[in-house]
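Chain nomenclature is as follows: A, B, C and D, assigned in order of appearance, with residue numbering initiated at 1 for each chain independently.
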Amino acid sequence: MSEDKRKNDIDEGQDDGTTKESRRDFLKKMGVAAAVTTVAPAATAATTKAASIAEHLQTHFEMMSDSQKEAAIARLEKRYSEQFEKQVTVANTPAPDEVLFGYALNISKCIGCRRCVEACVRENNQSRDPAIQWIRVLQMERGNDTFELENWHKGSPSSSRIGDYGVQSGGHADKAVGISGHTDHYYEPEQVPEENAFYFPVQCQQCEDPACVRACPVQATYRDPNGIVVIDYNWCIGCRMCQLACPYWARRFNWSEPALPNEEMNPKTHYLGNRPRMRGVMEKCTFCLQRVRDGRYPACVEACPVGARKFGNLLDPESEVRKILATKKVFRFKEDFNTEPKFFYYMD
Amino acid sequence: MISPKKYVRATVFYGFFAVVTSGLVLQDMPSQATTPEDKSGAKECYESIKGATELVKKDNVVPKYGYPNVKCSPTTGAVLWYGDPYDDTEPMGDMPTFGDHTDGDFAQAVIRTRTKHLKTIIQNGTKCSGCHPAADATTQKNDPRELMMHQDIVSNATKLQHGRGAIWCFDCHNAANRDTLVDHKGQEISLNEPYKLCGSCHGVTYSEWRMGLHGKRTGEWRVGGKKRWWTCTECHNPHTVQEHRFQPIAPELPPALPRGMTKDDFKGASGHGGH
Amino acid sequence: MTTTTQCASPAQKPIAFARDFCIYAVKGGKVYYSWLLFLSFFVLVGLVTTYIQMTTGLIVTGATDQIIWELFVSNFIHCPSIASAAVLVVTPAYIYKRKDMKQLAVIGEAIAMVFVIIGFNFIFFHMGRPDRFWHTIPGIGIFNFPSSVLTYDIIVLNVYLVLNAVAVFYYLYKHYVDQPLNTKFYTPLIWFAVAWGPFIHIITAFILSSNAQMAVWHSALMPFSFLAMAAAAGPALVIVTLLVIRKFTKLEVADSVIDFFSQVIIWGVGLLILMFAVEFFTELYPATHHAAPLEYAIKGHNGMKPYTPWFWGVMTVFVVQFLLLCNSKIRKSYNFLLPLICISVFLSVLIEKPSVLIFPAFSPTPLGEYAVYHPTLIEICNVLFIWATGFMLLTMILKGVVGVLVGDVRDSDVAVEGGAK
Amino acid sequence: MAEKQMESVSTQKERNEVVADKRGFLRLAGATLGVVVAACWTGLAITKSAQKVEGANTRAHSVDEELRQQQIMAGKKMVVMTQEEKQKMLDRILRNHYRTVS
């Protein structure tokens, strides 16, 4: 398939899409036209320079006027389209009303296949080298042996069914039961699930009272109206205070210019979501902001082969997550940090 | 007091050392990040059960969201990403209710038709009834014995684990019409709608599936939005489900170790966490 | 009195002061130039490595997502230590009214000023996007004031920098033009700076201890142990500086001053050892998960013991220093043993930061990983670059300060007047 | 030379210390008030810039101190919630959400 054909297809795909703002479309096309047609190199260099200066001087995304936002997005689209040699769209889809996103994960189903990790990397344009991954899957020993004397110091034993997963039921514990066992991040068996192991994926828990937001000195990271903690990558100063504050190890730093192959780059992006990041800024899971604001499930939910991941609107009592909260055995990871995560782990 | 010559000489000397040190430092720099090749060229990958749920990557389809219809993992060949979650699906149709379960939202529910993807059918090029004509209908309903065929599906038919040995092929497969399934009431059920059969025994799971608590769905997150519901047999193989709920699969590659550390360093290095 | 050849108008006097001060600061003898040349070597190398870091990103350092703080932060924490120690020079002079230290207070303030600047340099190197520094400036940027601890630190350090710079240059200028100090302005300023000094280190400690998830830092003792470190390392640097000044310049420094500071070091090191002991007991006796990083530092984890030699080394050095300083003969050895011990105190407090306080604290990570920090050559060169530029600045400013104090830098009117007398 | 100057400084200082009349006190009080007002103004200006990104400081209105304390005391890591706890948690999250959004 020739490059031109593919471009055309992409354009058609765009037209089929639900993009409403025709003016932005026009701007986009202009940008691509400028990128494709070879303008005098000096002039291009000058405009690039001007654009990069304008990008440096732009203010916080939440404080921009609509026209400033449009200009910022047009600038980014032009730059990305040139860099990745395909038409890249940077959306600014607004947050839907009356929605608070929640996530539920069934640890008795998870088989530790790491497809969510892989899908997340592809969807969200994470750097391939050095590799950045927003989801970390932990392999743990099942908690059956909590009854044995030598393991008592690891925590109070509990009912055997829940104890299988090292999770205590009801009340409170002097010490954690679950995570007291051996945890492995780098397990690499031929096939999963392994005997006597359970898997515990951890990603951003989208806390209602996030420690990272509190720690950021410039409010580059903040809670969006749907309860997702987002980052304005162009406002982040790279001080890593948020990374230090996060008890879930959910934030990743771009230690170098992220390497992202052109073919693998996902061209459908959102300003606060998966647009390619730059060197020296923080990034993290946004529940695939670019997808969920369009109504789609996050990529990890769609990739999970066992249906362990559930996602929905916490304000809607009919949603899957609310039903899970109502009927299942639910716990939250490190609840004692009082960050009020909206990421729930549950068991059958 | 100051002899300039001496200091010029010293400066040259130090400058030389500075250059040498800079050279050393440059050598210490991390190698330039190389862009890995795109290995996701695989045309075919599987969804949940390898060998049963193959999916073909289409080049010419440009759906509403994203570009190819699927993206596959270069390491395991598993589907990672759906450009179009409703690709190759059709409406689910009516949904039987057992008992007084609350209605799930299945107004816009779609499912993928199983018959198109069943390996046995595709390989033989005919339907099941092509090899098993209706004449076989005389076969006893509960008659465990060695099978001459389909040993790849059930290796030892005398010890069929599903139902803990209490049931036999024809408790689910329709002896009268091999292209369909049958429930215990003799009701004929399409191979595309296995939930109608499974639900007749696994009632609780079935109701949870209807509510969205069990099983996988792709599409829109809104209640009432268009969703692809994954049917029972897309995740579970009913013939081996007693041994393992899900077919074991190869995991994706582990994350990169922290820079400067090797696997040997990490033997037992990850340990007590979560405080 | 006599006719003045070049009588500057009052408005030009500050400019003349700045000019005279700078000219005096860059002129010097053999030793002076050799020292500057020595430092310039690190500056030259550092310029290259700085360029590499600024264009490549922080990947050139050894930091990873597991251990996110590099040597820059570890060294930064040392800077408020020294800076807040200026209090220990000013307090005896102005509050206890010690005559022999009255003139030396300004040297302490100059050290404080320079070390705040060095601290800012370290933070600049620590930032992933130093070009976006302006985002933190109130007015054009956003200041997440009530909730972010880092903003408090920015305020506290900036105020301290301004207070000390004003105090130093006001004092020197008044000395330059030979006018009496306006005590109504100067005394409250000094008192305010003295009160402010401990804050900079307390709030730096809060940056660490405010992180609930960093279990081993989650300790109320941290600000106090930081102050003890300040009391140990600050006077150590002051003693070395004063001994150097005494040896190479005309400025008189009484033995009693040196003795006073060596006493302060004994107290500082002693309290530090006590606080370490208290903290280790509190962590290790109950042996909860809070102790995991400390245990990792002390004895390693599953055969991985990268910090163990550093930990035991630093602790031993602390105790040895304390015992040595208790001997009055050693304290009186101004030309050899005392400066040696002072340099060792300075370095041991500096080395304690990365190898005991910072790096082991990141293991286990919130998800239970144990990692080792490997500093890179580029990172070390950058650290040396910042120290070298800092010490260069310190040397030049102190040179000027001493020049003013001994009367080499003088307003020409006063100089002529003095000459006539 | 330097000693002489020091002397002049100290004599000046002594003279200043003697002056402690009513006007001096008033001036001092005025100056103190000025400093306090300036500090307050600066503080307010800084805090104002912090409120620029709306809803970012959820800390300010995350309530239920009692529950928070209980949770900290309980030290819960991976402990299954009871129905009541679940309900309370959901209430808390939703209330905080509505407060932040409105």
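Throughout what follows, a residue touches a chain if its C-beta (ideal position, glycine included) is under 8 Å from a C-beta of that chain, and two chains touch if they have at least 3 such contacts.
Since the structure is predicted, the reported quantities are computational estimates derived from the model, not experimental observations.
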Chain centroid nearest the full-protein CA centroid: A
Result of counting contacting C-beta pairs for B-C and A-B, higher pair: A-B
Inter-centroid spacing, chain B versus chain A (mean Cα positions, whole Å): 21
Gap in Å, rounded to a whole number, between the CA centres of chain C and chain B: 58
Computed distance of Cα centres, chain D from chain B, in Å: 53
Inter-chain centre distance, chain A versus chain C - centres from mean C-alpha coordinates, in Å: 41
Multi-chain contact residues (two or more partners), chain D: 50, 52-53, 56-57, 59, 77-78
Residues within chain A bordering two or more other chains: 60, 63, 130, 136, 138, 175-176, 178-179, 183, 185, 213-214, 219, 256-257, 333-334
Where chain C touches two or more other chains at once, by residue number: 56, 59, 64-65, 141-144, 147, 151, 213, 289, 365-369
Of chain D, residues touching chain A in the complex: 50, 52-59, 62, 68, 71-82, 86, 89-90, 92-94, 96-97, 100-101
Complex interface listing, chain D residues touching chain C: 1-2, 5-6, 8-9, 12-13, 16-17, 28, 45-47, 49-50, 52-53, 56-57, 59-60
Sites on chain A touched by chain B in the complex: 1, 9-10, 12-13, 16-18, 111-115, 117-119, 122-123, 128-131, 133, 136, 138, 176, 178-180, 182-193, 256-257, 259-261, 263-264, 266-268, 291-292, 294-297, 299, 301-307, 310-313, 316, 318-320, 323-324, 327-328, 333-334
Touch list for chain A against partner chain D, complex: 60, 62-63, 100, 162, 166-179, 208-210, 213-214, 219, 222-223, 225, 227, 314-315, 325-326, 329-336, 338, 340, 342, 345, 347
In the complex with chain D, residue positions of chain C that touch it: 102-103, 138-139, 141-147, 151, 155, 175, 178, 180-181, 183-184, 405-407, 418
